[in-house]
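Common to both upcoming complexes is chain A, partnered first by chain B, then by chain C.
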Partner chain A sequence: MRYAADPPAARLTVALDELVAIYHRPSGATHLLAPPAPELLDALAEGPADAADLLARLSRRFDLPDAAPDAIEARMEELVLAGLAWRA
Partner chain B sequence: MRHRFSVQVGPVGFRVGSAWRGPIAALERLYAGYPKPDVPDMTVRLFPERPWRRFARPSVAISGDFWLPDAAPLPLAQGLLAAEMGMNLQVALGWRRHLLLHCSAVERDGRVLLMSGASGSGKSTLATMLAMRGWRFLGDEFAFVGLEDGRIHPFPRASSLKNASVASVRAAGGTVGPVLEGTPKGTIGYWRPPESAVQRMAEAAPPALLLFPRYGRPENVERLAASETFMLLTQASTNYVALGEAGFGALTRLVRTVPALGIDYPDGDAGLALVDRLWGGL
Partner chain C sequence: MAEDCDKPEKTAENGGNDRLASAGRRGVLMLGAAAATSVVTIRPALASTAASVLNCKIPIPDPPNGGKYISQDGKLVASGTQGAFQPAPRPVTGDEAKKMINGMSPPGFDPNARQAYVNYIRRLQHGTSGFTCYASLQMPGR
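Right after this comes the complex of A and B.
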């Protein structure tokens, strides 16, 4: 499954603590996200990607020895449900 | 309408029209000394539920620019409460120039203490008691948060004390009146803010501490994470969603810059002592 998201300029992002507050401009909705959801949205800025691509993109920025594509896909499905990403 | 009243409270100019003289006379007494608005922002209308209900078992229905369809009318003896509820509702549903939080607010040394909580948490009583001990009373119902700078703008209407709080404030030397019995919220007594609070109602100040009080519990203090505070305040705001990006900016600034504590306290004296201690520790 490939996923896409609005460009970063479509979101206001404020780190509050371990959670990040996101204002999604296209919908006017506010979200509180835990890692790695905000990072996944940022990674989609390079363009649509599947879970393996996303993991590769995240691995360039973070140490992710235990991360599995299945877990990434589960987080992406949550972002789709929240209206912050969609299946491309 | 037959009888009219207008008043400026902080940033909001109200006009109230009524089919009866009684509620208007009560408003004139409660708001004696407040300025009048040049142009009112908000309108409240008190009218009979049916034409004959102006005279027969008079029953006050409330309307305005903004209204909820299922608001029940009140007996004429509670006309002042109807007017106050109408004024609250216009602000809650219609105001867009500030982020509104359902909080009481008092100021000391140029910094504001905000207290948020459901009805019965003690936020009105604590704000009133603190104001009787030298804090400046900014309001017991809404905190108006500046969208650009996050400062808290006063909205110093009379404090609305419920049930046992009326006796508590009187026992502490405060004057409460009028008192309305048998309202949907029980007994409600109004405490008029000191004249200085009214005179200084255009003076905003930055927030320094946010408390979530809970009355009637063993004393406890708990630090709240910014994300938890953010969530609680989105629920305590009446216009967060309507303000969109501006509301998001104001609220994230507030929770990132102002410490937030949940406080439990068994009674009024313990609550006041706890607030003093926490404020002194800032």
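Right after this comes the complex of A and C.
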């Protein structure tokens, strides 16, 4: 499963300590995201990706102690449900 | 030795878009259990984006009252009532509703029914199909 998201310019983001508030301009909806959802959206800025690509992109920046493609898929499905990403 | 290496990992000003880019040091990121939740969506009761106003639809009348006629003052009356108007041939968009309020009738609509339809739209109540669309037209700048 490959995922894609709007470019970062489509989102207005405000860091709220551990959370990130994201206003998605195309839909007018606001979302509160906990890690790793904001990081996944950022990683998608490089272009559409599947869970393995996303793991690779995240691992360039982060240590991922519980790295598992199905956890990525679960987080991505939440972003799809919220309308912040879609299945490419 | 590049000074950039020592910049703060994250500041309040740099927002969320560049969280990754600004992470000068490697952080630990937990992906969480498959059943965990990391996204909560807040949807405004009144959609206020330009796109929603252009695309939202107002059925006249709303589907549960399909077939009813619309009286001149915008109330729903029995089908065939004298002096009342047939349902609109199709739902109107927010944009069309705005034009109707300003005196224009969409193509294919009975121009004589315009005022009745506008009165119906104005009487829309919260919970009725089309209310949010009409309400969004009332927001400043629409």
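As a working rule, the second predicted complex is superposed on the first by the 88 of 88 C-alpha atoms of A that agree within 3 Å, B and C clash if a C-alpha of one lies under 4 Å from a C-alpha of the other, contacts with A are read in each partner's own complex, and residues count from 1 in each chain.
Here, a residue touches a chain if its C-beta (ideal position, glycine included) is under 8 Å from a C-beta of that chain, and two chains touch if they have at least 3 such contacts.
Since we're looking at a predicted model, the values are computed, not measured.
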>> Contact-wise, after the overlay, does A:A51 reach chain B, chain C, both or neither (first, second, both, neither)?
In response: neither
>> Just to be sure I read the superposition right, which of the two partners does A:A43 touch: chain B = first, chain C = second, or both, or neither?
In response: second
>> If we overlay the two complexes on their shared chain A, which of chain B and chain C does A:A5 touch? Say first, second, both or neither.
In response: neither
> After lining up the shared chain so the two structures overlap, which partner does A:F62 touch, if you call chain B first and chain C second: first, second, both or neither?
Replying inline: second
> After lining up the shared chain so the two structures overlap, which partner does A:E78 touch, if you call chain B first and chain C second: first, second, both or neither?
Replying inline: second
>> Under the stated touch criterion, which partner chain does A:V14 make contact with: chain B (first), chain C (second), both, or neither?
In response: both
> chain A residues in contact: does chain B have more, or chain C?
Replying inline: C
> Can you list the residues of chain A that touch chain B in one structure and chain C in the other?
Replying inline: 14, 21, 25, 28, 30, 32
>> For the complex, give me every residue of chain A touching chain B.
In response: 12, 14, 16-19, 21, 23, 25, 28, 30, 32
> If you look only at chain C, which of its residues touch chain A in the complex?
Replying inline: 10, 12, 14-21, 23, 26-44, 47-49, 51-52
> Where on chain B is chain A touching in the complex?
Replying inline: 225-227, 230-231, 234, 240-241, 244-245, 248-249, 252, 255-256
> In the complex formed with chain C, which residues of chain A make contact?
Replying inline: 8, 11, 13-15, 20-22, 25-39, 42-43, 58, 61-68, 70-72, 74-75, 78-79, 81-84
